[in-house]
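Each chain gets a letter, A, B, C and D, in the order it is written, and its residues are counted from 1.
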Amino acid sequence: MNGLESVLLFSLVVTPFLGAAVLAFFPADNHKLIHWYTRIIAASGLAIAAYLFITFDTGDSLNKYIVDFDWLPSLGIRFTLGLSGITVPLVLLNAIIFFGGVLISWNVDHRPKDFFVWLMLLVAGVYGVFASRDLFFLFFFYELAVVPMYLLVGVWGSSTDFGTFLRTKEYGAMKVMLVLVAGSVLVWIAILAMWVEAREITGIADFGMAGLSQVEFSEGFQKTYYPFLMIGFGILAGLWPFHTWSPDGHVAAPTAVSMLHAGVLMKLGAFGILAVGMVLLPDGARFWAPLLIGLGTVNVIYGAISAMGQKDLKYIIGYSSVSHMGYVLMGLGALDTLAVDGAVLQMFSHGIMTALFFAMVGVIYQRTHIRDITILAGLGKKMGITGVFLAVAGLTSLGLPGFSSFVAEIMIFIGTYRTYPVVGVLAVVGAAITAVYILRMLGAVFFGPIDENKWKDLTDANKTETGVAALLTGFLLLWGLYPFRIVEIIDSGVVPIMERLGS
Amino acid sequence: MMEWAWLIPAMPAIAFFFLATAGRCLPNWSAIAATGTMAVAFIVFWFVLADWFSMSALPEVKAFGFSFDWIKAGGSTFTWGMVIDPISLVMVGLVTAAALGIQIYTWSYMSHEPRFTWFFAVHSLFAAAMLALVLADNLLLLYIAWELVGICSYLLIGFFYDRRPAAEAAKKAFITTRIGDVGLLIGILLLFAKTGTFELSAIFTMVENGGISETVITAAAVLLFLGAIGKSAQFPLHVWLPDAMEGPTPVSALVHSATMVVAGVYLVARMFPFYEHSESAALMVTLIGAFTAVGAAAIALVVTDIKRILAYSTLTDLGFMLFALGAGGLTAGMFHLLIHGFSKAILFLGAGSISHGSGQTDIRQMGGLWRKMPITAVIFGIGALSLGGVPPFGGFFSKDEVITAVFDGRGWGFMAIALLIGFMKALYMGRVFFAVFLGKLKPENEHAHESSMVMLAPMLVFALLALFGGFLALSYTDGYQGFGYFVFEGTHQHPFHLNKGIAIGSIALAVSGFILAWMAYVQGSLKTEPIIKRFSGVHRVLINKYYVDEVYQWVIDKVVLVFGRFIAFFDRAFINDIGINGTGSIVTTTGRFMRYVQSGKLYTYAMGMIVGFLGLALAWWVS
Amino acid sequence: MDASAVAFSFLAVMVIGGALGVVVTRNVAHAALFLLLSLASVGGVFILLVAEFLALVQILIYGGAITIVLLFALMLTRAEEFTNVRDNPQWAVAAVAALSIFGVLGGVILNNKLDTQELAGPSLEELGTELFTNWVIPFEIASLVLLVALIGAIILARAADGDDGQPSDAQDPSSLTDTDGTPGGRS
Amino acid sequence: MELYHVELLSAALFAIGIYGVLARRNSVLILISIELMLNAVNINAVAYSAFLDPGRLVGQVITIFVITVAAAEVGLAMAIILRLYRTMSTANADEADSMKW
């Protein structure tokens, strides 16, 4: 470990861990102390991530700020952290959403201590996945990020009766947990296979990604094991047809967990495909790219049409996440530098955007206890601020220029169009369908006459909630209007991968 | 001064950000901030224009632009830059003037509205987006501005969001235009894939020297035109424009005159080299333009809501412009766009003034209003005569240019259609003017009153422009040899020329159109009821706008949404309940059977041990 | 056939017979007595194998202590079904399994006859020396095991607070009438 | 008397013990059957010691430990059976199955 940045990176990953450990000894009934403590932890993470992002040097080396400790030398396991151009924005994303999620959880008063302990562990896991340069620890953090979801959804979630079917929080929690663990099993198989194969070839036991990326795996091996990574990580990214855990998880999850779930957790999957699959198994990635882009296209169109048929706000946004993650998968599958750049930016942008969505839906649900858009109407009269921010998220979602999603999507469109024109066309069509369901949702919830008697005591978003929404909107606008810097950073991470892929 | 041209779109954009963030705190400043910035933009425009003329000594200097890097990734650099050439100058002039005038008008018209600030904020953004659209030197920035224009129209049409029709109209406008945008974006992507750049000048160079194949040019031209169809409300994506009346009147004025709808025409004009190089695409533009113009003019003759008549007249005029562009008449199309912009601004502001003063929107409830609102009547009359194509009003010159261009480009048959459109324009313009202002004053309109000077002043300015704008076509000095020398493509300088036969014919048709309208709605010698009775079927079809809306509504309700619900159901019932839950059920069912192994009875476990041992022994023996 | 062979045959019959008696009798008390017979015969086998000390220990501990403990426990529980226990339904399978085991073991034994030395055994002195020198630590640990087992048995068998030593009502109220107070349950 | 005679005796005793464990329901009888199996092992240990081990000691020492542990086991097992009988009013091993599934 050397240099200020390395120390900061290490502390970024470790802080939520220690924070959770320390929080476990707090008095459980002092809610105010617990909230403020968590806010400080989250804010410090945000500060570190912002510093790392701002000072990030897009120069020569791929992985920067290396933190490296021996952990189990006989198996080649090292605790290695490092940042590349791809991960810096994602780490920042995680910090932003964690901070926003903690603030938006001001109203959690059921066992807040336990809630925040699990939330911090989840966040620590996500930081770890993004920063790990060692597959063993990457997998460890990956699991660490998944497991708290079970308790967070199962204990603090909500059950909903949709008339024809029922979605309990227990069901949602179980589903999220089982599906994600199933995905991680596939990932783990592939990781072990690579470890064994690499030891066969080089004679060195090594879980480190830097070492493994130098190994020349045979083409047959790559073609066999890339699908494990693609599907395994893809499940977390909402790859069709393994996507249903995501909307159901959202419906059951509390607001902050939804934000982290769609905002960060789903990004882990796409990040894994890019940073593990495509980096370590380039031949496999090339061979399977048509499948990935095909499933990504299905995600886009299918998710958008499904969202159009939904009535529940969280389902609409859940399926829109499926649709938007489709753009990410599509961009990755195009194997085009511009498209992959766009995919990474879309991860960032979609993370912020869905977080904003869920924050605002949480505000609505907390006040009305309704999420059915056929019942809600005309809320704009009473909840103007909420409406504006939900509209911001919606407009970002449908790819309005000025917000960062547009930048990401246009890059994906260009990249996919010039590799697979038909897919490019379908992607554009998907964006048009998005407009339909987003405007339908906004129109149904906020426009039209309001029932004055029913919503007499309805209040708008309070200062905290407005602040969170403004923070997220600020990032959407910042990189929508001036994407140069973030694209430059992402590009510096993507170009070496693409050079290795030979495209 | 040209290097400051970026101020033109930037000023209203700054106003938007100021009003959107801090506007709540300073409500009284909103109008001043918006109008002030717009005025600055307008002034900058004049300096830029002056600069342009001082530079025009060098004919090869067609454009001046500057740019900055917006994205740099994957070996490509995307820039934001501006192009200043005659087409963009005309558009900037129109947009800044119209936006400024309409904002001043709004001071009075919207003064009672609590969300005054928000209106000015979005209005500013609308203008900024339109200005960026017309100044963009590359397709990416053009698309960005294009989308922003769309979203502003959504916000403004849906300004009265608590009224369900307004919300629905806004949604319809955005989604309909968005469908066209799919084509536009695909066209842009196609061009980028083939040329590797978004820069207009680079693309045009490749078009000129054959760097792009004919097929790609045609495909791109058609795809780009899809975008224009959406934005300029051409058939079959025209349905949103009449409904857009749900927005406040100043919005309608802005949408119909200078922003939004003319964006499509501008796009075709801007991409004109494509249509020059692709005869089939140009023919498509002509046909769609002509078809829309005739169809919409027929509807304009029967509907009775004043704003709807004006809306269908806009459709007609937009079709008319595209008609000209498709026939190769860039100058004519742009000129008509300019004159139409001023005239239509008057008509809409006038209509707003009428409904503001009398509370009526249906022309059957009006009549004789000139006694109560004489200034409005005069101004509205100028607009109607101009669009009706009566000399010496501006509309006459531009209409004549269009018909001449059509004749030159497409021959007699199309010229006849153009003349027919000209006649219908005169007829419905006469109808709306006479029915509203002449005739007997109805008793319920006794309380009608003239609007305030704040509203009338901008109308007066536009009236003067509509009145004398036509003379822009003529040549005066070496520096300005007429509109046709100013706006042209390639080497086809197009001086204003009067084809005497066509001019006489069009004047005769225009005047007869007004006379017919006068007979029908003032003098009464021509009865409309018998005609309606005689052609009741046609009338019903026209009143119902050819049932296009109904068909679309049916498709949306019965196909799109049903399909969406089906997919949602499919996802839940099949993918989830069978696919995902099914996997879970297989595991739990297996477990439910397997658990009987766990009997709780000691002797079965012991038996398991023994059987296991025997099995091992057997295996050992076998091996 | 020499004397030791005759004695071994006789003892073997006694061991097997006693064991079979243990597993077929329906009365638990009889089973305990058959066990005594079988184990005592095993003690006899030990004598034939020149392990006199073990034979003594076998008869004292098994014959004396263990069988007595079993009989005491049976008396303390005094379930009437103990005089007529039924085997479980898988007894036939169990018989096959047991025969199979015997077959496997017998096969292995007969196919692997080991080279034996002359039959001999250590003297009692040797055994004692060995136990208290080389094996002293395991020996002491074994005594600890016994102690712990003893304490554990006492704790398990004594009635908990509020437990009157009767079968609890919740499980089977009818059994209350079958058993009376068991003073042995309280320590 | 050869070694394999003793081994066969031991195997028979072991098999009978297994039968008892598998076929009996009463936990006391299962316990007794286990004692039979332990004795089979003891016979083997002593026999090997007598026939094979040059020092002739280890088998007997082992047997002493087995007997010790068996004594401890019986004591504990009987206590458990008593306890079981008191709480579930049965001494049958298959009726105490509340921890299944």
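Basically, a residue touches a chain if its C-beta (ideal position, glycine included) is under 8 Å from a C-beta of that chain, and two chains touch if they have at least 3 such contacts.
Here the structure is a predicted model, which is why all the values come from computation and not from measurement.
*Asks:* Which chains are joined by the largest number of contacting C-beta pairs?
*Replies:* Maximum number of inter-chain contact pairs occurs for C-D.
*Asks:* Need the CA-centroid distance for the pair subunit A / subunit B, whole Å please.
*Replies:* Once rounded, the distance between the two centres reads 37 Å.
*Asks:* Quick check: how many Å separate the C-alpha centres of subunit B and subunit C?
*Replies:* Chain centroid spacing, subunit B to subunit C, equals 100 Å.
*Asks:* How big is the gap, in whole Å, between where the Cα atoms of subunit C centre and where those of subunit D centre?
*Replies:* 6
*Asks:* Please report how many Å separate the Cα centroid of subunit A from that of subunit C, as a whole number.
*Replies:* Computed from C-alpha means, the inter-chain centre distance equals 66 Å.
*Asks:* Mind pulling the residue numbers of subunit A that touch at least two other chains?
*Replies:* In subunit A, no residue touches at least two other chains, as defined above.
*Asks:* Do you know which subunit B residues sit against two or more other chains?
*Replies:* 601, 603, 607, 610
*Asks:* Of all residues in subunit C, which are in touch with two or more distinct other chains?
*Replies:* 88, 90, 93-94, 97, 101
*Asks:* Indicate which of the five shapes (line, ring, star, complete, other) describes how the chains touch one another.
*Replies:* Topology of touching chains reads as other, fitting no named class.
*Asks:* All pairs of touching chains?
*Replies:* Between chains, contact exists in these pairs: A-B, B-C, B-D, C-D.
*Asks:* How about subunit B: which of its residues touch subunit D in the complex?
*Replies:* Of all residues in subunit B, those touching subunit D are 595, 598-603, 606-607, 610.
*Asks:* Taking the touch rule as given, give the residues of subunit A at its contact with subunit B in the complex, in rising order.
*Replies:* Answer in residue numbers: 165, 175, 178-179, 241-245, 248, 302, 305-310, 315, 319, 336-338, 340-341, 378, 380-381, 395, 398-402, 406-407, 410-411, 413-415, 417-418, 421, 424-425, 428-429, 431-432, 435-437, 439-440, 443, 446-450, 482-484, 487-488, 490-491, 494-495, 498.
*Asks:* Which of the residues in subunit B come into contact with subunit C in the complex?
*Replies:* 601, 603-604, 607, 610-611, 613-614, 617
*Asks:* Write out the stretch or stretches of subunit C touching subunit B in their complex.
*Replies:* Within the complex, subunit C contacts subunit B at residues 88, 90, 93-94, 97, 100-101, 104.
*Asks:* What does subunit C use to touch subunit D in their complex?
*Replies:* Contact set of subunit C toward subunit D: 4-5, 8, 12, 15-16, 19-20, 22-23, 28, 31-32, 35, 38-39, 42, 45-46, 48-51, 53-54, 57-58, 61-62, 65-66, 69-70, 73-74, 76-77, 79, 82, 85-88, 90-91, 93-95, 97-99, 101-102, 105-106, 109-110, 113-114, 116-117, 119-122, 126-127, 130-131, 135, 138-139, 142-143, 145-146, 148-150, 152-154, 156-157, 159, 163, 165-168, 171-172, 175, 179, 185.
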